[in-house]
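See structure below.
For clarity, chains are labelled A, B, C, D, E and F in written order, and residue numbers in each chain start from 1.
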Amino acid sequence: MKVCRRATFNAAHRLNREDWSGEKNVDVFGKCSNPNYHGHNYVLEVWLEGQIDPETGYVIDLKIIKDLIKEEISERFDHRNLNLDCKEFENLNPTAENIALVSWRLLRARLDEKYKLTIKLWETENNVVECDGE
Amino acid sequence: MKVCRRATFNAAHRLNREDWSGEKNVDVFGKCSNPNYHGHNYVLEVWLEGQIDPETGYVIDLKIIKDLIKEEISERFDHRNLNLDCKEFENLNPTAENIALVSWRLLRARLDEKYKLTIKLWETENNVVECDGE
Amino acid sequence: MKVCRRATFNAAHRLNREDWSGEKNVDVFGKCSNPNYHGHNYVLEVWLEGQIDPETGYVIDLKIIKDLIKEEISERFDHRNLNLDCKEFENLNPTAENIALVSWRLLRARLDEKYKLTIKLWETENNVVECDGE
Amino acid sequence: MKVCRRATFNAAHRLNREDWSGEKNVDVFGKCSNPNYHGHNYVLEVWLEGQIDPETGYVIDLKIIKDLIKEEISERFDHRNLNLDCKEFENLNPTAENIALVSWRLLRARLDEKYKLTIKLWETENNVVECDGE
Amino acid sequence: MKVCRRATFNAAHRLNREDWSGEKNVDVFGKCSNPNYHGHNYVLEVWLEGQIDPETGYVIDLKIIKDLIKEEISERFDHRNLNLDCKEFENLNPTAENIALVSWRLLRARLDEKYKLTIKLWETENNVVECDGE
Amino acid sequence: MKVCRRATFNAAHRLNREDWSGEKNVDVFGKCSNPNYHGHNYVLEVWLEGQIDPETGYVIDLKIIKDLIKEEISERFDHRNLNLDCKEFENLNPTAENIALVSWRLLRARLDEKYKLTIKLWETENNVVECDGE
């Protein structure tokens, strides 16, 4: 049995490697490397797999996940510049893949290990990633 | 190959254990335990995994699933109070998890065992569960 | 210029007139009159028409509308039984039309009269109503 | 008869007045004034009202609107920082209202005056604005 | 007060004038004039404006509109080729505008004149039209 | 880690076997066998599973998938009649299952074998299929 809580956050980012030339960054990352950043409404789905607790009928109270997303994800990333404001991306390109991986690690550290955790992240309505571990 | 049919039903419910005090019910289930019920537009996805029949090009005619959902799910749960009207939840808390599990059992009993069955159920646009067995 | 804030609430209701026979209620309201209630995830859009304030670039700060919806609508209707818990529907059938009208009145009373107010309410993904006054 | 073309663009912005103190900006714009910007997936609907051309059955070929949106809106705002990269917002706060108004002006200047133009702009799934003139 | 019922139908069509050369058809209608047709999942919204009936709380029972859409629209257009199967488009190009206009006329003829009727029709997720009369 | 690119295409089709009688075709395929075709807005999700490239932070640049979908899927199927225009379905019923399988083969042939490929295809908002191999 899996349960999911969905949330959104809005952030600016750019894709860029300091150790590459501007030319190479444009070659690889195109307009995503524009120097002054652009942004997205990220949509996050947090999925937990586990057993139904026969007492409550819950795998987990989704309010716990809602609060955890607020604490670990929204307060960190919402209305932020991922490159400039978030130490998690100081040396890590904030691609959708890496944002999902970082989110997975942040939530994994806060969850009982009996739950299997999967993160799904929409960067746009056409681009999605899914991460279920490292 | 997997195929899916989506359907919706509208029902009232509350989360509550008769053998718990009102206080404990509020502690655990919050406003979901409000005594006079609340309700949801449930969205159900019924997924079947199987082989394509080379004669028809179908895994299964989705009209069969559509009719099965109507018979087993909609006629039972749609425009009902899950706690008061549905014997399936007489002694079972109608959490999204349990509604998905009950739906899985009801449909599993009507399907050829060659199909693997998975149920996905949205309780709200932010809360989802998925059940692929017991 | 119009601006809109969207919100959701989950409630139980039934359509029924006490002064009609059960038969007539079923004739007119069908399964919506089931005695033990059913429910919906209502989706509310609150639209305000006004001038852009040249100082802020806002017609109105949508956070004000977000808070107003919480105070006047969600705290009143969310996780409630509209028929039993809400005095607004003591003598008023909680059809989508009437819920929209009641919401319009509640919000109208709290808004500067310089704004034109329109309410859009989804009862299901297929049924919507819109109210811009009485 | 009205026709509409929908498109999306992704941009960074912040809400801020240079002539206000940082404190006042936070008071009025909250986290939307964060200094390093945040961003959105903007969804734009461009609506034209006019007569059906009896020869083609079109009010206007929507491919014309698609190309116009690309030229006037996407190439200007997509993957940009509205505050830093777009001269339209040099002295104008890039609120959803102002982005819609600027888009309206840009498209209005390119369209035959026989069409009535309305712009609908989603900043998030919960915040929308609509502009049909100045 | 306005009320709306939403429905879908799936149809094939092409845009083409018999009295034009193939070249001119391609010039004007592009790939929409491909000789062997293509198709769409059309999404229809039927909006009625009227007074709330104080007895029922309905502007109109939306089940009446649901049935009317089935009779007048779905049975006529669903799983059809609009050009070949539907006499309404024998001499009329089945553009979204014309499908909306034909639908408006079909439904208008069946509705009490006390209701104002508006039709909204999605041809794709990016192309929409709206018709509120001739 | 999985990444996904979403795209749409609009096509006509019918379900029918030449070697069956018209009666049998109607028995099995219902209105989907209507002789003059009908159509759909197909929504395609292309999912790739692989490792994050530590240099770019990408599993794969989704622009590559976007271009591949255009080349292999849209140019082949968009605004086409699957039965008449596409040699892939000359002897294969264009069910959603078979369209997904054909798309899987076309894309599989163009992708590095280090990626696991899954195709998800919506035929309507209620009918979906998923294919992850043969």
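Note that a residue touches a chain if its C-beta (ideal position, glycine included) is under 8 Å from a C-beta of that chain, and two chains touch if they have at least 3 such contacts.
Note that the coordinates shown come from a computational prediction; the quantities given were computed from them, not determined experimentally.
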{"item": "Set of chains whose contacts include both chain F and chain C", "value": "B, E"}
{"item": "Chain pair showing more contacts of the two, A-D and A-B", "value": "A-D"}
{"item": "Chain of greatest Cα-centre distance to chain F", "value": "C"}
{"item": "Relative to chain E, chain with the most remote C-alpha centre", "value": "A"}
{"item": "Whole-Å gap separating chain B and chain E, where each centre is the average of the chain's CA atoms", "value": "34"}
{"item": "Centroid spacing, where centroids are CA-atom means, of chain E and chain F in whole angstrom", "value": "27"}
{"item": "Junction residues of chain C - those touching two or more other chains", "value": "125"}
{"item": "Chains touching one another, given as label pairs in label order", "value": "A-B, A-D, A-F, B-C, B-F, C-D, C-E, D-E, E-F"}
{"item": "Residues of chain B touching chain C in the complex", "value": "8, 10-13, 31-32, 34, 36-41, 78-81, 84-85, 124-125"}
{"item": "Complex interface listing, chain D residues touching chain C", "value": "15, 17, 28-30, 92-98, 100-101, 125-131"}
{"item": "Residue numbers on chain F that touch chain A, as the complex places them", "value": "1-7, 45, 47, 52, 55-59, 61-63, 66"}
